[in-house]
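One chain, chain A, links the two complexes that follow: it is found with chain B in the first and with chain C in the second.
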Partner chain A sequence: MTKNDPILCVKNLRTELALSSGAIEVVRGVSFSVNKGETLGIVGESGSGKSMTALSIMRVLPRPIGRIAGGSIRLDGRDLVQLTESEMTRIRGREIGMILQDPHTSLNPVYTIGNQVIEALQINQQRGGLLEKAISLLKKVNVADAARRVHAFPHQMSGGMKQRVVGAISIAGAPKVIIADEPTTALDVTIQLQYLELLEQIQQETGTAIVFITHDLGIVARLCHRLVVMYAGRIVEEGTVDDVFNAPSHPYTVALLNSVPHVDRKVDRLYAIKGNPPALHEIGTGCSFAPRCPLADTRCKTVSPPTVPGKNHGQGHFAACWKTGEMA
Partner chain B sequence: MSRRALRRLPLVPILLLFLVLIIPAFLATWIAPHDPYISNLRARLQPPVGFGGSWDYPLGTDRLGRCMLSRILHGAKYALGISMVGIAIGAILGTALGLISGYLRGWVDVIIMRLVDITFALPSILLALALAAISGPSLGLVVLVVVFVIWGFFARQVRAETLSLRERDFVARARVAGASGGRIVLRYILPNIMNTIIVLATLQIGVVIILEATLSFLGIGIPRPAPAWGLLVADGRQLIVSNWWISLFPGLAILLTVLSVNLIGDWLRDWLDPKLRQA
Partner chain C sequence: MLTFLFKRTLYALISLLVITLIVFSLSHLSGNPLDALLPDDATPQQIEQVTRHLGLDRPIWVQYLTFLQNAAMGDFGDSLKWKGQTAAEVVWERLPATLQLGGLALLISIVVALPLGVMAAVYKNTALDAVATVIALLGQSLPAFWLGLVLMWIFAVMLGWFPTSGYGGLSHMILPAVAMAWFQVAALTRLTRSAMLEVLDAEYIKLARVKGVRERRVVWKHAFRNAAIVPVTYFGVLAGSLLTGSVVIETVFNWPGTGWLAITAIQGRDFPVVQTVVLFFAVLFLLANLIVDILYALIDPRIRNT
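== the complex of A and B ==
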């Protein structure tokens, strides 16, 4: 197999949450794929459906209100949507790992970290010399003094160290894909960079694919090969990092990039997108960004936009917009 | 245990508990001055020391001339045994059902919680009376009633904590790391509610001892001639005006045991609660 084989392929994924006010679609037909050894960024603001997409892939949507309403999630050819819960339990950790946002609450407070890394190894059917294996895993994620730290409890460690331990747990099963849901948001800026370097290092060593969910465009530029931009449960733009950053082809992406502060540009007021993301139960037929979009016309507000090639016609660069052609 | 917590240790209740319940329960055979079952008809209704009695029978004797002190010391076995066995079974049953209820939710949850409501609504004394009418009073019956009365407290509390724990990040992390439902319940939820279970069990000891005494007093608990405390109190009921000591001393044993157990339970709850421990 070459590097360009898609390992994870999400097609037309639809996810619903059944609220007391009725079911709302939080993921509305999302399709993307990740190749082996590739890092895909999923960018979007809060409520854009990026975390729900991740939870759908792991099949750990909030019970009992969340459910996958349609589409397919193919991991190495197998459709995860069709699997039973017990089959899915065997997939989690072994084939797809996940790193959650807050390291401070991601570890069980009553066990030592060694105990928890060993548990992850046991889940993945490893036997014998588990303590040594746990220590070497902790060394792999750059936990200093691993042989001693293995006996420490989570509350005795810093956030950055805990997130490394969570990383060690998620690579214990040598998964083909790791989904990282804002893993650096709760960390100090200096630790963030170290952690991103660690993820890159793990990827180089194991060839695992990474799906990196974030709202930090700086991290995307630093870490990812390709990215998808999500808005209101849909993908509005997809492409390589170079294409999307140099030739953003959806007004929302343009606005996002304009909202990033630059050290070398002096501005009085930082750019902000007017208005709020739409509440998901009041989305109409047209483009969901239309109410906030400076280019929107009547067609945008009534007819769902087509998927068109990006402005510079880069390979695999697409935007869901009526106005891409008109953008300067 | 920090030095500070040690200083706050409820020493008097612990001492009392050992004196009244734990030491007698294990050592009654050796420390009791008389056999609790052998009557001495020449020494019937002897008053205790200080009220005209002698050191032969420090707490006096009952209608059949049996040594009250020996009977109370031997009675501790029943109080301790029944509360330990009853609470152990009730706690295990209640915890298991509470974990299932809180983790699985849905219709399983509804059924288990309605069962709890039913056991709380059903008067336990009435149930004991009915059961005793069918099978006759026995030790097993008392344990059964105890389990029936207390399992619901455990189930409800454990379910509530499970509901909150199952939404915690480390449980979510365990799920995405491939942990099965059973593993999550046993390794991630149960150890984190152990504190609650221990405190609850301690606080139930008082309830159970009172319940056992009540059942015995009513004659549907431990069968005679066993010297259970409730039975001893019942024995002295008709003579309470003239021979008050027959009821008073077993009653005092019940009172001191329940009081000290509750004080220890309160301290344990404070000590195990990390929020209060910081203060």
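== the complex of A and C ==
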């Protein structure tokens, strides 16, 4: 795959939710790009804005409270933010697919698997022999006994199988980008690995780019080429998996890496980052991580940090931090 | 699916049996039928003769079985108030009027409430939602007899579009049907709206959107069928209460239906007719609920397999 050939380019994205207490910004100026055939990981805790970023790209924010307040999302050069709703409907499923988190709730319980896969095929202008096409699509995502399962209802299948069906739906239109929002979180560990292998297989066959949203750094190391780390609606670090794992350049990334338990290291107590992520309406002017950061000083708490090159000056490795230079 | 249908039908028959038991016991609880049948100065011979003729001297369970047997053949005895007619005939005469009016009211309720409820959910917190809320609020707070009179005054008396009252064709039915339906429209709209709101938040709706399904199809194919369980549940109550006739509306519009009949029969202590009416109503309710069960199974595959 050609490197540095961006297919999806998000620039300064700002997303707001209008709550009864007032509008809060849940995505606060996020920029990143995904190259053709690349897998980008978006990592962060719950509430860091990673799912909201995904929903913004798909333009399916919760109605009627969610809205994109600014920035651009360029898919193959077209700015999705500027499209009308009906233009966007034609983009969804055909140019960007999405896999949701919980397979137990993301398939419609009252329609058969076949019905839902065929619907995806129809949306992508497939005509004739739809049942056969649906079966072969299910085979492609390794659904065993696809010819029979195509007539099954979601409640008759296991979580892993359902998530494969969701995968089949997402690739029905051979999209250029697939956004996977924690697709393995609800699956058993053994099934998780199979599913990741399936995603890799799909990527090799179709050359699609994948945006993989997760809080699991192990999966990122296993699957992704590059990653961005999000905290409180912002990207705090970005780089290749090697650079970020070997030379984490933001104290939050360091803390995240420390909180991953290792099988080979026996510890009395697992490491946890002190405190909680800030509520988004109480973010001050400085770095949002400052209240929990061991390195933070007065400047960190009052002035928004600059984006600086990562510690080892790797290509495309950046952190938004005042203290990167001082980190050991 | 067949086992499901069989089970539900069996339940309905058992319920019907219990209802006949209740109807039978009630008629015995409310006093000796002889008091209603015979004049105050009846001779002991007369009393004994009538008692034997009606089988009132036999054990109570024999009386019940006889009642069941006769009921199964449509024989509920002779009406006491309408001389020369059997109770079944009296009810049978009134039934078409009630079914016509109730059927029309049912149709109006469904045709108005379902789209209104769905749209109110889709356009939540907009003007359309507000209009639906006002319609629902009016429907649930205006008494039916008052609404009926106002409709009659505006559309029959002032505008002269419809006849004021009486039995007749479609033009006679519209005003009473609207008056009857309005309350139900209110309930059904609110139920549909809240069910739709819940479903529209579901993950499978999100998946339908991200896979590129057009919004109209998201609403009607993916959301509505799941939300429909709630209004369908209410359909049992709705059909039951509309088809058994409304005493109030039938009185206001002078509509010769079973609601009016039931009241008149009760006032006249015409027990055979009361029993027949109650049983007819029970059967209608049971049928409506059987239809609801079947609709459930058609809507949701998970119910079919239980």
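We adopt the following convention: the second predicted complex is superposed on the first by the 325 of 328 C-alpha atoms of A that agree within 3 Å, B and C clash if a C-alpha of one lies under 4 Å from a C-alpha of the other, contacts with A are read in each partner's own complex, and residues count from 1 in each chain.
We adopt the following convention: a residue touches a chain if its C-beta (ideal position, glycine included) is under 8 Å from a C-beta of that chain, and two chains touch if they have at least 3 such contacts.
From a predicted model like this one, the values you see are computed outputs, not experimental measurements.
Asker: Answer with clash or fit: chain B and chain C placed together on chain A by superposition.
Answerer: clash
Asker: Examine A:113 and indicate which partner it touches, taking first as chain B and second as chain C; both and neither are also allowed.
Answerer: It touches nothing on chain B or chain C.
Asker: Regarding the shared-chain residue A:155, is it in contact with chain B (first), chain C (second), both, or neither?
Answerer: The answer is second: A:155 touches chain C but not chain B.
Asker: For A:166, is the partner it touches chain B (first), chain C (second), both, or none of the two (neither)?
Answerer: The answer is both, since A:166 touches chain B and chain C.
Asker: Across the two complexes, find the residues of chain A that touch chain B and also touch chain C.
Answerer: Shared contact residues on chain A: 58, 60, 63-64, 86, 89-94, 97-98, 100-102, 105-110, 119-120, 123-124, 166, 169-170, 172-173.
Asker: Can you tell me which positions in chain A touch chain C when the two form their complex?
Answerer: Per the touch definition, chain A meets chain C at residues 58, 60, 62-64, 85-86, 89-94, 97-98, 100-102, 105-110, 119-120, 123-124, 153, 155, 166, 169-170, 172-173.
Asker: Quick one: in the complex, what on chain A touches chain B?
Answerer: Listed in rising order, the residues are 58, 60, 63-64, 86, 89-94, 96-98, 100-102, 105-111, 119-120, 123-124, 166, 169-170, 172-173.
Asker: Going by the contact rule at the top, pick out the chain B residues touching chain A in the complex.
Answerer: Going by the criterion above, the answer is residues 105-106, 168-170, 172-180, 183, 187-188, 191-192.
Asker: What does chain C use to touch chain A in their complex?
Answerer: Within the complex, chain C touches chain A at residues 124-125, 200-204, 206-215, 222, 225-226, 299-302.
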